[in-house]
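Right, I'll just put the structure down here and ask away after.
In order of appearance the chains are A, B, C and D, and numbering begins at 1 in each one.
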Amino acid sequence: MTKAEKQKEPEKAPQWKPNIVGFLCNWCSYAGADLAGTSRIPYPCDVRIIRVPCSGRVDPLMILRAFREGADGVLVSGCHPGDCHYIEGNYYARRKFIALKKLLDHVGIDPRRFRVSWVSASEGRKWANVVEAVTRELLEVGPFRYEEDGDD
Amino acid sequence: MAAEYYRLNKDKVGELFERARADYDVVAKTRDANGNLVYGRPATFDDVAFVDEQPPMSAKAFALPQTETLVRYEREDEKIRAEGPEAEARDVLLFGVNICDAAAFDIIDHVFKWDYLDDPYLGRRADATLFALACAAVQQDCFCDRISYAEDGVDTVAYPLEGYYLVKVQTEKGRKLVERYHDLFDAEDGDAEAAINTFREKAGTAKKEPLLESARAGLEKAFEHADWEILASTCIGCGICTYTCPTCHCFDIQDEGSAIAGRRLRTWDHCTGRTFTAMPAHQPRDRQYKRYRQRLLHKFWYYPERFGPLLCTGCGRCITYCPVKINIKELVEYFGGLKDTPPGGARHGK
Amino acid sequence: MVNNPEHLYVPRLVRVAAVVDETPTTKTFQLAFEDGPRPDFKCGQFGEFGIYGVGEATFCLASPPSRDGLDITVKDVGKVTRAFHNLNEGDLVTFRGPYGNWFPYDGFKGKKLLFIGGGIGQAPLRGLLWACLENRNDFDEVDLIYATREECELVYERELVEFEGRDDIGVTLALDPVCPGEPIPGWRGRTSFVPPILEEDRPSPENRVVITCGPPIMIKLVANSLLEKLGYAPGQIWTTLEMRMKCGLGKCGRCNIGSTYVCKDGPVFNYEQILSFPQEF
Amino acid sequence: MATIREELQAAVKKLFDDDKIDYFVGYAEDYGHTFPAILTKDSDPSRLTFDRKSYDNLANFLPELRGSRVGLICKQCEVRTLNVLAAEEQVERDKLVVVGVPCPAMLDPRKLTEGAADLDSLDESYWQEKCRRCLERNTPLADVFVGERVSTPTPAEGWPLLEEVEKMSAEERLAWWRRQMSLCIRCYACRLACPLCYCHQCFVEDNKPQWIDKSVAPENNLHYHIIRAVHLAGRCIECQECSRVCPVGIPVDVLNNVLSRDFAERFGYVSGETAETQPALTRYERDDKEDFIL
């Protein structure tokens, strides 16, 4: 696709749906999402879930890689503070995300593109609400695309 | 071809630039957003920096871009479609390029055309015309006066003399350029070579003995010299010297994309980096000084042994921009036996 | 589709015809050319093999040119080799080549050949070994010493068994001694590093060439043993060097040893040449 | 009276003569530059110097010399670096002889025009930014101190360039950073000149998986710099070497400053002030502020 063609593309076509990558802790948020499904709670289906052992496993590299691979937003979800299966993984994660968030804000990437939530295994409803909120926000923000420079 | 000489009035340079833009993709020195000097594509002559000063990055990227697609591939069902990039047919004019940058192309041509022909590089090289500007004064770290590289391959060189540029035309491509805009050039009737020599003496760019070529015999004996370890150990292994160098040409080949679609590309790579020769079970150059030694010897021993010219034009960027100011010229002189004292006084002493 | 043969870096596509598990970390891939005839190659050459989206890697051509297609033997050590290990029959891989020089097959004729392989280093020898066996009458004695760290690391096990049953090739298998002198239960070969075997069996240098490949340290020790203890001349020892390569074409500068481009002037060298290089390897 | 140069050379000679050190890491002056030099007993110390172009953070050379007894010139920058390295158990303090100096404030090479006359007299406008913020010009806790102690002016407040960037809107900031990143040539000098980037294998060298694409494109470059800043979060001691060495003039340290400032406010410590403070990302509080979490 040439640059001109890309520019012709409408920025926010009505059917546009955000690509959201969700990194979900195996012990809580993943089960929470599962519960939302088995409880038949309707919510937007735009999150592609990657199951991780702990929110502490999520390296900022993974988040940026997701953006690089075309994600419009990234959601990391783990256990509530104090509930970590590994006692303290999410506390460390929280500090890491403070740093990443600060930097993303600084370089001008919309803060709504990277969200963190605590969702426990029993909070199917909360999971649905989080996804709803994140999706709604991303619909406002629109697709994430660095302007392409190309090398050749 | 035999060299031809013309005069270009100093106030005609702007017109030459503007008119050349109709026929060529003109590249010249200009300032980027941060105020740094770069080779770029200024829109008007007002944005052109027609000066001696070197941009941090040499001009080699116009023949060997830092990142270049070699193959694009796409998978459809069971089939994979793959093709090389289409050749871009465009005449590039490197306008006001430093001689040390311009002469580098001839040097690295050797490696790209021996045996297999590297068509992506050679294609762009064939399309490029060089209009070099001779320096009126040497700059802090450069040492082109100590290397006898041939400038014959530089299509045209403009020597800034009193009131006009003496333009020396050395190739057919250069002649084509001058013929295209012949009304801007006047015939030179004086003794041009004498004028050039005088100019070089004054600028400090006339060749001085001992030339660094003469260090090779010493370098060939110095591979095991104990002082490499101490003198090159401040090297931090970054790629500045190689990436800013007009003659460093090593590259890496990588795939980017998915199994479905993507590209195979080449990017500059540097022998001073840790990963350059690292294999899963074996790292031949396992210490930083060995990696630095490879760079130096490649330029002043291996390359000339193989292809003739030194892999260096003395532009001095690898000294100016080196974070730790390792001085390749001093090290060549020291290890090549032209000088007894090591730079900075460090010796290993074993 | 047909690739543009004009373009240096555009590879051909070849199909994986069969995958053979050699060891827990090594597989042999038999590759078939479908978009045209297989290029001619000679024993000792290599190719740049790749998987789109992953990258290219250098492998020696591990089968004799007389056979259809070509084989490569891949040890799972990095990004590209890992991806190769995940391939199935029918998958497509990319191929550029053949590149590099080759063993002086004709110069070996009439001579005694001693092959010494170490670990995965048997792969570059395999093509030549088979080519010699196919034309067995061209040569005097043919012997093979093949050493690995453990029994499960022997590649081409079935071929080794076949060799052991033949009387026109002498086979010595060896495992690295964990405890020197201790026999390894159930092991049919010897328990020793290669140099002691050479020094014990003392193959005479007369009219013999040694072709060796293996880990750098093994090549070095074998060569030292042959040169110093057994009276071989450096020119009688041939090896093929493994260097990190990217282009295979003498451009990218990665495989330089001194002014030598291993990808163009090598990978096959005799030890006389190797001794003349700057000694960094 | 002896100049600092003479005092330094005498001190180094004595350290070698007394067999206190195997290597000395300092600055030498030659061919018009001041540059880091690693000296042995048999080296000629007469080129050793300490001047206003002694830019490099010498702590960067310690990993190469690990296991040996090293004498090291320490400005405030090195002292803070050593504190972080000590907290991370990366330095063998008992093998280190700290040679203290009075730091005259380093000049910004980008502000120096060629042939600037008297370097000693250049005022604040020629200084590196970090030197305006310096807390202590004289090396504290030096094993040997050479030269005469100087007074430390009141440290300047604020990060001028960072604040300038922050005045922009989000779109402008993204455009500004993209423009900076389009200059990046990925030589990794910023990483390699950084004394706290000591990993044996950096994430940019990982290829299973390949996190950061090797091709040089603004977005890849930006991702590299963001992750590097994350890895230095709460550790960076603001020596600004990353920016100084950048051949294309990207103010890399601005990204680090974003976190230095935020972490100072949030977690209440200045990186490298003491050897006891563990970097913020290696610890946590149960009640860390989490206003951004859903």
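Methods note: contacts are C-beta pairs under 8 Å (C-beta built on N, C-alpha and C of every residue); 3 or more make two chains touch, one makes a residue touch a chain.
These figures come from a predicted structure and were not determined experimentally.
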| item | value |
| --- | --- |
| Innermost chain, taking as reference the mean of every protein Cα atom displayed | B |
| B-D compared against C-D, more contacting pairs | B-D |
| Chain B-chain D separation of Cα centroids, rounded to whole Å | 31 |
| Rounded Å distance, chain C centre to chain D centre (Cα mean) | 48 |
| Chain centre separation (chain B, chain C; CA means) in Å | 39 |
| Chain C: positions in contact with at least two other chains | 78 |
| Per-residue overlap in chain A, given as positions that touch at least 2 other chains | 151 |
| Per-residue multi-chain contacts in chain B, two or more chains | 66-67, 252, 254, 265 |
| Residue ranges of chain C touching chain D (in the complex, touch as defined) | 78-79, 82 |
| Chain B to chain C touching residues, read off their complex | 70-71, 73, 75, 79-84, 111-112, 114-120, 223-224, 249-255, 257-260, 262, 264, 266, 269, 271, 276-282, 284-285, 290, 294, 297-298, 301-303, 305-306 |
| Complex contact set, residues of chain B against chain D | 32-36, 56-57, 66-67, 140-141, 230, 233-234, 236-240, 243-244, 252, 254, 256, 265, 267-268, 270, 273-275, 288, 319, 321, 323-327, 330, 341, 343-349 |
| For the chain D and chain C complex, residues of the former touching the latter | 207-208, 210 |
| Sites on chain C touched by chain B in the complex | 1, 3-4, 6-11, 13, 50-56, 77-78, 92, 94, 215-216, 242-244, 246-247, 249-254, 256, 258-259, 264, 278-281 |
